[in-house]
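I am attaching a structure below and will ask some questions about it afterwards.
As written, the chains take the letters A, B, C, D, E and F, and residue 1 is the first residue of each chain.
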Amino acid sequence: MRPSGRAPNELRPVSLERGVVKYAEGSCMVKFGDTRVLVTATLEERLPPWLKGQGRGWVTAEYGMLPRATHERVRREASAGKQSGRTVEIQRLIGRSLRTTVDLVALGERQITIDCDVIQADGGTRTASITGAWVALADCLQWMKARNMLKNDNVLRDNVAAISCGIYNGTPVLDLDYAEDSEAETDANFVMTGDGRLVEVQGTAERTPFSQEEFLQLMALAQNGIGRLVELQKIAMA
Amino acid sequence: MRPSGRAPNELRPVSLERGVVKYAEGSCMVKFGDTRVLVTATLEERLPPWLKGQGRGWVTAEYGMLPRATHERVRREASAGKQSGRTVEIQRLIGRSLRTTVDLVALGERQITIDCDVIQADGGTRTASITGAWVALADCLQWMKARNMLKNDNVLRDNVAAISCGIYNGTPVLDLDYAEDSEAETDANFVMTGDGRLVEVQGTAERTPFSQEEFLQLMALAQNGIGRLVELQKIAMA
Amino acid sequence: MRPSGRAPNELRPVSLERGVVKYAEGSCMVKFGDTRVLVTATLEERLPPWLKGQGRGWVTAEYGMLPRATHERVRREASAGKQSGRTVEIQRLIGRSLRTTVDLVALGERQITIDCDVIQADGGTRTASITGAWVALADCLQWMKARNMLKNDNVLRDNVAAISCGIYNGTPVLDLDYAEDSEAETDANFVMTGDGRLVEVQGTAERTPFSQEEFLQLMALAQNGIGRLVELQKIAMA
Amino acid sequence: MRPSGRAPNELRPVSLERGVVKYAEGSCMVKFGDTRVLVTATLEERLPPWLKGQGRGWVTAEYGMLPRATHERVRREASAGKQSGRTVEIQRLIGRSLRTTVDLVALGERQITIDCDVIQADGGTRTASITGAWVALADCLQWMKARNMLKNDNVLRDNVAAISCGIYNGTPVLDLDYAEDSEAETDANFVMTGDGRLVEVQGTAERTPFSQEEFLQLMALAQNGIGRLVELQKIAMA
Amino acid sequence: MRPSGRAPNELRPVSLERGVVKYAEGSCMVKFGDTRVLVTATLEERLPPWLKGQGRGWVTAEYGMLPRATHERVRREASAGKQSGRTVEIQRLIGRSLRTTVDLVALGERQITIDCDVIQADGGTRTASITGAWVALADCLQWMKARNMLKNDNVLRDNVAAISCGIYNGTPVLDLDYAEDSEAETDANFVMTGDGRLVEVQGTAERTPFSQEEFLQLMALAQNGIGRLVELQKIAMA
Amino acid sequence: MRPSGRAPNELRPVSLERGVVKYAEGSCMVKFGDTRVLVTATLEERLPPWLKGQGRGWVTAEYGMLPRATHERVRREASAGKQSGRTVEIQRLIGRSLRTTVDLVALGERQITIDCDVIQADGGTRTASITGAWVALADCLQWMKARNMLKNDNVLRDNVAAISCGIYNGTPVLDLDYAEDSEAETDANFVMTGDGRLVEVQGTAERTPFSQEEFLQLMALAQNGIGRLVELQKIAMA
């Protein structure tokens, strides 16, 4: 059985709280069990140089972890002088995931920067980040809408949320926590839209390769879990 | 009058909450009004190379700010590849301030690393950090004491807390918030122990030099304010 | 139709040539059409510090691109002073893919470093790299076997190869070249073993999310293509 | 007694020599005993980007130490690839100290960069640097005046000089040399103007906190010492 | 005798193959025995900032070595985060050598970047690089001429080629391979034009200083060898 | 004629002053006209890791320039975060030149680090550095000898000194100053021992290639000039 006593298809308690900081145009504190990520959305009336004058905006993301978000303290990346490969991978994933659901032309020539800072890490920080990032982004767009800054109401075309799945002790399970993640044979992250389509799929055999059937089982679990996350996003934005 | 309506010698509402994260040996969420800093204390059974084999421990500090802790988003230092001069100055100040009140020999050959991460910045982040860092450090030492890891009960010899003062519109005031800080003629940070002695003094004329009389007025305000912070630290640790 | 005139399930001409450099313990020049990657395997009797004394070896990979491997010259990463996020992602993927098929205990306390340097890039550099890296690794293990350095004959438990698939003009196609890759709606990389199981799956919606059915079609194409790559690997190693 | 045999309120022999290098618009070799700092002032008709078009100039400073200025060779910062926290703190202090006495509007849209390079270090390098930097700055402004480049005669509103004080063997003493500095209980640096007002105050308890009375004794010593330094600056500029 | 059995004034087999990669405007695979360098020439319609608007172009070079070009794997400079001193020296030498023979005004306001990447290193990589770089540069200029981009036919005023010489076991020899280079008492690199004049001379006593007579003997050998390299360049460009 | 009015074979006034700093084991202030370099020699009882346990010592060099040593201020390399290619070239040249005349086995397992810091630059900083570095090194070895730290009296086998030559307005001249250097057609640096043999030769055609005859003329000038520098070194060490 799972260390947490959860059923194989059971999410951890999820919380998505908007408006948690004072200055950002959008924000969300997302909790997947003991994993907590503070997400902010910053609107800036400027673009990266390579995007200027093309009549469309940009959404990008950065990811960081407080040094003691984890069991053992991890060296501060600002002090190490560079971001780790893992950090770079995750922030690129968050950015790509969000951009798929945004109408960048309707956004106009502006940039929204999503900052995901992990306050506490108990597995699933990247999926919690994406799920919370969508809320912070929607929060920011609502802030813009209230100021008549958007050309139309459909800048955000759909929800996007993410969950991890894995094979733990031979059983496919949803939403791995740290105890499961460190023991899982296989680990996959799914990013899907509100209508159930795929945005990103990343599956990794930690030790032994997995079959296509196993992968399909994980995908089915993910679809279900993401469906519930999307409902929670809608409640948060209501 | 002060933008916040406070009296010249009035602190902002201060809150010092222990045990706010799951993994760290010590922690404190400190709030000076809208300024909020998450402080963690990490105990490690290792020392920097230059300290090994000398029969004493070490306390060090790192400081960071979430990119959107401020009005305008600030570039993430991990992405910029280095810590700013301001960051380096502040983390050295925090480390020095704490070490003055710790008996490093009684601590034993271990290192405690204090991480101060600013979640929201409304002025006074370095003084809030020091004040909260003492609580996280004391929390960590209590954790060690509960495990019989300390040679005696006096590893922490005294409290240490910090406050800023400044001359705002010609009047000496206590605990500057951002609105005051950006307008103040003079800005001074005082770090003092529980018995009212000085650990660090940093006074800077932002625009025009200040007289020794003005400086003494600021020091008197600080002594009073720090007295109240020390009381709050004692309540938090009780 | 495809710009190259290939059928949807048709690979580009693939070539896997061993022993192409003088000093490396293993090597392979891999060509997927105009994409050419020089892969070397270096055996070293040392381990990264965190792996020492655990009775097992390590396989790691690095990836680079010559500045003018592409249509436009790309800045040399050695001169820029850091590896791009893309480079870091790819070299981590290559390393993970290879490690899944190696018995690290049977390898002994040694490290094999795989260097993949792209001489010419016409799409699919990461899948060509993985496919060629397996040959260079096998070449290196053969070199070790000839010197009686291996405990048993099963250090390499299976083949591993990789191919990209995508939806191009609405049609699922195998082994995208650059012209297709830059236009594809969806891009997925599959890494599979010789027995058809998955090692890594990475699917990305470049513009519009994709359905699970589309994803399954891509996976079927990949399985077929990887089967043929594995046959070519076996011929190269025969 | 002091190792050097000086009286508690006695400065080391101070020398401020102008015009010591060939190319710089202003320069000063400053000696506080065996501490020697070469200071140059460079005038440039350009500004940092964030200052452009605001109708005022800028004065900034950089600080360095020759690798063998000290008892033990210190690693060259250019070779280490970054400036230490100590260097950053000191150069920020020098810049702030000088700017307080300069009328940046009267300076016009230009930048003066002060370089302080320590040739030999026997304690007090930052106070010697500030004291000599003022002379190099004044020398540079005189060079500009001779070329009719200044709008008025009061660009430099006052002198600024600095001295360290500390409690050595229980006695407050002025102008610590290295032997004293490494043993002092408390160390404070004072930066004051010619009219005796404070520009910067930095007091640090090296080991035990100090009382406000002790701090006032140090400030009185400093005021006296800085008065004498200002006289020497006036002689150097006469 | 020489390890390779060559006569003292005998070059290794030299090969200069043009047009070896698909995208670059000019390219050359140069082989001096087992030393192989892939050289590409990239034409860009832009200039470094300090050269803009002066009515002339620029030729620059970068040099790299694949990590396993050598007997022992060398750390990848992109991963180390910086280019070694040796790399910097070599690429500056290549750039200077080429520029001496180019009419930069006739080139127009464009930059040609020469990338020399060592695929396999058996001594003489810098001299092979220069010799092949001239061919890649000439290949690029021919590409430009075919597109009527050049003002006149004399942009390239002369050939330039390079060879190493050294004193090996007391005998002056031409074109050192690795086995000789690591044992030679003296090592000199000569860069000369087609008309026999010197562009660069670099002579280094590896262990014992050398006499002027010895140096003249090396220069005579070099002149002869470079004469043959220039002939091979002419054949390659015919 | 030369801008300075010197004869073609005339050195600038040269001065070599020992013992100019307080802490270093060896030192020399070297002046070649207005070029001034402060050289220190630091003795350390440790070796770089790759040299340990081989029964011999090491001599290495670092080179730097104060930011305003030149007509225009040059960015401080410590602040730029890296040493320029020129700096790296020069410090490698200084180290190689000195090592040729030192018996590293007789030195014992120690390292001497030579720091050359250019206080003022008027051409020839690298040749002045080498010439002064030899004096600082000899000064350091004398310091060691006085403490009976050396196995024999012949650790330093010979003198080593350096001078530049060039073709200025068609005439070969000795010891270029900045005004000549920036106009010279050809620039060569010669490093020779006391017995007139060559240690390093670096000749560069700044604009047009030079003939072997011209090069021989420069070498003859250099030999003469270095002979005089060696005499001055001997006087300085007497």
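The rule is short, and it goes like this: a contact is a pair of C-beta atoms (placed from the backbone, for glycine too) under 8 Å apart; a residue touches a chain by one contact, two chains touch by 3 or more.
Predicted model, so just to flag it, every value in this text is computed and none were measured.
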Both-way neighbours, i.e. chains that touch chain C and touch chain A: none
Those chains which touch chain C and also touch chain B: A
Smallest number of contact steps required from chain C to reach chain D: 3
Selected pair, out of C-E, D-F or E-F, that shares over half of its residue contact pairs with A-C: E-F
Interface sides of chain D and chain F: same vs different residues, half threshold: same
Averaged-CA centre spacing for the pair chain B and chain A, given as whole angstrom: 33
Mean-CA-position distance for chain F and chain A (Å): 59
Rounded Å distance between chain A and chain E, as computed from the means of their C-alpha atoms: 51
Interface hub residues of chain B, defined as touching at least two other chains: 82
Graph class of chain-chain contacts, one of line, ring, star, complete, other: ring
Chain ring listed from chain A, with chain B in second place: A, B, D, F, E, C
Touching residues (chain side chain C, partner chain E) in the complex: 21-24, 27, 34, 38, 40, 42, 44, 62, 64, 66-71, 73, 76-83, 87, 113, 115, 117, 119-120, 122
In the complex with chain D, residue positions of chain B that touch it: 82, 85, 88-89, 91-92, 96, 100-101, 158, 188, 192-193, 195-205, 207-212, 215-216, 219, 223
